[in-house]
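In the two assemblies presented below, subunit A is common to both, partnered first by subunit B and then by subunit C.
And now, the complex of A and B:
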């Protein structure tokens, strides 16, 4: 009686298991073959349902069998009455539940469940919802279940507030969950839209409002959300999901689509139009009316590379505006958006424009009520608090930068630069991203400064720029100074600078001049100490017919044989060439 | 009781069915030793037992009785050449004392009371009588509060005592009040009669402990597969008592996120402290020997966090040294998140399940069990000073190679008493609600109560909800434990009065009411004392005051390793399908050798 219990050896167990597996495989293969031949013969009976069920319950990811099953079920629908169909589908649902237990992330099972639920004569959505809840409580990031759940919620019309409470629950148990936060961001605008008493900006009238879409969530709720998400990122500042949700909360509304600038030049007999976003002028119904007469013109983007561009140009029929003693009234209609912009060209003037400036549009910051500004201010304070505790947290630093941008881009310039420096150090793998972002902000600041000064000179030297952006905002600029930065190219967008006369870009790393293209007024290009290495790189300059002065000192191209004569041929207008 | 004789030879005889003894029994049986496991009591698990309400009343009754001295048999006739006798203690009256019971709920209608003279809401220790009398003056109208030292109930006591010898004393106890309680329309407060009627729904533990998710008991349960005999629930929240308020202690990431009482900055500081303290640093070492409180202060965490970290997470006192505080903080954190939001598990049906699970494992592997069956004396070979055999309470001589005995059964004459026995103070309350109501009424809470006044002990409190199967619906079961300073009543009633509504508490309208409560002191098993016993006799000690089970598990492992240093301690039990049941039963050479050894 006493003594050790005899236990099978590992080899014995292995052998038994192997035999077991072999037996299983035989049965499986036989059943599969039976299934296939039944399907071939077009047998859609309950026996086939049974045999597919056997197979699928051991391997729920067998797509062909699910398809066969659907064929059978669809056939049965035609021969059975509703109650029987209901019963069959209910059995199908409980079978699917067992499949999901085998593999909770089976594409086949979830898809089939979706299919069955929508065909069920009398669906029980509450049951489906509770199934989803159970699944999500086991794995709150099961995206199959999230997908299915969205369908269930839609079909059964679950009230939005209940769904919001559902996200509360999920976030409460684990806030590292993009799905929940994202779901929240879709529910909040439905449940708590921006309060209607705020004057909704008039559409397509002048002065155009910078932002038509209101902030999507009402302020009271917004405050609660700020608190919630702060709890998350103070608890774990390295969790991205909360920070991304926070960015969404702080995000501003989309801008109204409009014509932001119309520029007309007598000399070139040319009209340039800037839009709030890149458009394809050929397809959006752009109409130019000159002195009451619609003009037949060819619109072209500033660079042939762009099918969509924020700036479009057309040449007026020769002679229409060339006489300086005539006054002209121009209107550009954007038919698709029911908006237009007028521009008057007075006698004695060689050019004229009509525009909203970036400052008018508050292009680079959120439009904020006083209350909201104070809210943002307190958000900035909390983030600063967190930053004191976690000085090297990149999410916090970046959010501080964004808040500072939203509040006062110029006032916080110094801090912003310092934070970018830290960011590049603590997150060195993304240093190029931070450099580009910083460049963008510096350009925005320079645009603001330029507009406050009411000049057409854009000077941003020695700011470590790595990229150029917002070039469509520089349509009217005559002088640009980009010296002593880290630019590598003047991109095609640069061709938006239709009024540019002088381009200073000494001491960069420019090797590509693609964007210096058809700039009708460009006379002077200073590119000392860059990396232009071949004559081909200078090719775009040939399209700038007024170019007189070109400084290429300190570029590799100066060492090319016969450079001088080649250049004379390429750029015949240049009279003052420095090599 | 089986009348047939027991086999006359075992490898190990174990007396006492507490946790340590039960683990030892399972460990020996599992590796093929022949185990006889006895307990003098009528129930399993000794001082680790769980009782239904009614059997707890019986237990209380027993501890009020004068221990009936059993006649000392002279077993000299069984002595062989060169042997002598060591008598074991025949009572276990020393480990529990100062029992006091109070019932603060209505009995039932007047007549019901008259019909139930046995209502044991009234027993009380003489020593604390004065203190109780004082407080009883403030009793409120609806509460029942009596003293019955003067109640002569010999008859009734006898009846109960006799019941304990039968099976399942709670099963058929006549409860004349039960029928009436049913006829009563919905009552606000649960009456005493209802408690008795629903008595089987209670599983009231004598000790109050929790399982650390990564503690040695959980490891052992998993390793040995004993876990298949038990079910567990997570402790759902950690609470603490400060400034007269019960507060939730945020300890997991989700808790910290959801906490309403912490500012966001505190949240960050707490999370940062919890993540940083896992690694030992130079800075921490600098505080070795200095109080943990000092270390915490210097982390500039603020009073809130300091309190949580010291009392609820490290669960140490203000003068605990830093290295010890950090070690227990780390242990807490390691256990967090393994099974849930807190580091603790609680066995469904109570802690008394655990020793029984090990007994079951022992029995599955051939161990033999007898309750109400004791060992009266040991037969010792004078020459070798080894215990050769024991004589059981029926006078049978049973040979054994090793004898394991619970400290309580060892006669005072064999104990080397250096210091007076230390005691634990325990209180068990049946309340009508949770101490911190929340949206779920099925919370299992661990509550740390720092000393309510200078010189008072730190109290550990566990509140169990009905879903742990330890109390009836509509009630909560609260266990309080601390190191004794005075009697259990003296130590714990101030905490009870503050945190619950009793006739003695004032302005505590929102606190849950105490329906019934029991105070008692139990010997602290953490004191390992020396004994004058043969070298192959091993003594185990009862429950200690710690929250964990480390003490009992390590005792068991130590005994096992001393006796069988080569064997694995509780290796995984094989799955039933892997066991070979065929009749061959040929034992391996090694086993034969071993059985030869034991037959010497």
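And now, the complex of A and C:
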């Protein structure tokens, strides 16, 4: 029950209401039972139509009665001529119209209209479309009606540009209309695909969703859309609809599907493979070829929690690459995507890799795009103008942050941090969201800096990090410094750091080490002043066989009875333990 | 100029503590008003109504107060020749009520009260060529029904009886520009559908396909100054939407993006101190539906007076442990 205000009433009023309800109940039950028994007897006549009509007009969610009506209508189709059938169905449509007037959000009524419309001998789609127009003019957010409209449009072949013009009209009369903006997001890519001369092959019989690569919009149309959205948010800067739509417009194309990195280590006789998205290597057809010979290997994700993971590992058959005087050539094939990556392991080298780095792929030109810098620059200018007028508008601030990232993530780092600070203050309800997003951007910047410096050290201390992400990008990192942040855990994704030797994470709030799992080279773990409270929390470290040095000072676990001897048993390789 | 934020005002004298005993009394009494007009009008969804009532009772540790045998007999009587279950006797079978029936029988550890093989056949028969599911033989297509299908099969341990890949493909084709999901391809995002679709992707092991950061942003923007959550932009807050948004955020590992304390006080304010039960908004009429989602929401927010609830199936965790079902959640 929705939106029914509780009203106080006197005892006398209550008694009157009770009597009235009793009366209504009797009538209702009699009608219902009459329906059920007619149906049981297989009666499909006008009388049954009448009695179900009476019930459904007050209770349109009574689905079984619509079913009964459909049975009757289908029966009448077989005994009446086409004109009569047409008339019966038209009567049904006007009955439905009266139901929808009373209850415009009944699933049952809308579905029945759908059903009737597709059975009508001579459908009048123009009338249906104008019904939608009227209904949406009463409530422009009624999603049942929008869905019905989409059905009508599809059945009657209404041109896409006509529908786009319809959203123009609705948005023109009221910018705050999320449903219309949504509809535009589905229409634009049909009308103005990104590269019309190269239609991407449909993945399936289904229409692609606006989230997928093929559903981007060509640049000329994008510019027009930017203008429309700007009109909207300059008119009403607090209307979220336009801002959500704007963020989508600015979104970048999906990343190409590929093998982004192959790493091979002689000592561990192990190959690690990173993909551009999480995959299930056991089902995508992954083939490892070593010196021309396909290898029978078993792929496993970096953590047993993941059936889909961006990083997969396999052990080579013993002895195949261990002799340092031999040179080897590896190729990993991703059969499903017809792509592969080679990696050469030269004589005298203990390890080797081949990859496209984050900088190569322009991975963190944000979620924003490839669009021309000048366009983004002018968008940023407009937003900055708006921000001067509305300094505390969170939508505008967040959009500025996104635009800055698209333009120059490192150059705008200081402004970005300041804007995030303001966002957390003006929209404190969502401060955790802003903290996580800011953490993500800082991690991206640190990856970029690391790659420009061509080092394998990832250092991001004292940056108020609340979450870790992009860990699959850190496959080659040997030293990581996460000290003095606000991390609460090293999540399972952390197990992607297959080359990690030193982990520094002092002064956080870490209570969970799930991701420090089977890291074959890990020797040193510094966790001073965290919140590790039990030996069980340290269990994952037992899978890191080379661990020598462990600093747990300032953790609650140090106060556990017999902690030293328990740890000696749990982590026999550790020789340097600080408690 | 400027949009007025649609929201409610929580009055200072609104309830601020959890009135568990009253809620249990309210639900226990609800089923005994069988001759009530309003009760009779809602017969078309009776099976779900029973699921709402029993689940909230179980979450409050009060399941034994309900009439187990009567309910099980009722469910048996609602299974049809085709295998599907109807909301009540005399009504037609539908996926919505088939799921509710199986959920109830899981609470009672008694799924064999139904002909399980026939249930599976029924569900299998409703899958369409494009992977979607019709709610019943009359062909209404909705991602809600995709959820009902896989949730029922997961509870029965029979997921492999349908074409899961196709089913996933269909649900993913309903993903929108905002990362959310609608009823059908092209339909607007809606918290209820997002709950169904993220729950569906959890049960089918495909949560990595969700754009969690984008969807999580849309979801946490559902929280209004009153603390309540709405189901779509520019709509009023509601206890049931609070559950759907909250559960979705939990499934995609972003529950900390909303202000939990504020939501808790909004949900508590929707209690009726006189009658027990929760309403959609403070001051409205209570019903079992909002009572379940109010209590379940408080459980997800960590209230220790209530049993832990599973965000995907909206059932007590201990029931799912018993049948060894642990749907994926993102971390």
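In this section, the second predicted complex is superposed on the first by the 511 of 579 C-alpha atoms of A that agree within 3 Å, B and C clash if a C-alpha of one lies under 4 Å from a C-alpha of the other, contacts with A are read in each partner's own complex, and residues count from 1 in each chain.
Just so it is clear, a residue touches a chain if its C-beta (ideal position, glycine included) is under 8 Å from a C-beta of that chain, and two chains touch if they have at least 3 such contacts.
Note that the structure is predicted; figures quoted are calculated from it, not measured.
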> On subunit A, which partner touches more residues: subunit B or subunit C?
Replying inline: C
>> One more residue to check, A:173. First (subunit B), second (subunit C), both or neither?
In response: first
> Regarding the shared-chain residue A:230, is it in contact with subunit B (first), subunit C (second), both, or neither?
Replying inline: first
> Touch check for A:185: first (subunit B), second (subunit C), both, or neither?
Replying inline: second
>> Going by the contact rule set out at the top, does A:13 touch subunit B (first), subunit C (second), both, or neither?
In response: first
>> With both complexes overlaid on chain A, does A:59 touch subunit B (first), subunit C (second), both or neither?
In response: second
> For A:390, is the partner it touches subunit B (first), subunit C (second), both, or none of the two (neither)?
Replying inline: first
>> One more residue to check, A:123. First (subunit B), second (subunit C), both or neither?
In response: neither
> Counting only touches as set out at the top, which of subunit B and subunit C does A:382 meet: first, second, both, neither?
Replying inline: first
>> I'd like to check the shared interface: which positions of subunit A are touched by both subunit B and subunit C across the two complexes?
In response: 1-6, 235-237
>> List the residues on subunit A that touch subunit B in their complex, please.
In response: 1-8, 13, 172-175, 230-232, 234-237, 382, 385-386, 389-390
> In their shared complex, at which residues does subunit C touch subunit A?
Replying inline: 1-3, 5, 35-38, 40-41, 43-45, 86, 90-92, 94, 130, 136, 138-140, 169-170, 172-179, 182-190, 205-206, 208, 211, 213-214, 216-218, 220-221, 223, 225, 232-235, 238, 254, 256-259, 262, 272, 279-281, 283-285, 287, 289-290, 331
> Considering the complex alone, what residue numbers of subunit A touch subunit C?
Replying inline: 1-6, 21-22, 24-25, 28-29, 36, 59, 61-64, 66-67, 70, 107, 111, 114-115, 141, 143, 146-147, 150, 176, 178-179, 182-183, 185-186, 204-211, 235-241, 244-245, 248, 277-278, 305, 307-308, 367, 428-430, 432-433, 436-437, 440, 491-492
> Across the complex, what residues on subunit B touch subunit A?
Replying inline: 31-32, 34, 253-254, 256-258, 264-265, 267-269, 271-272, 365-366, 574, 578-580, 585, 587-588, 591, 595
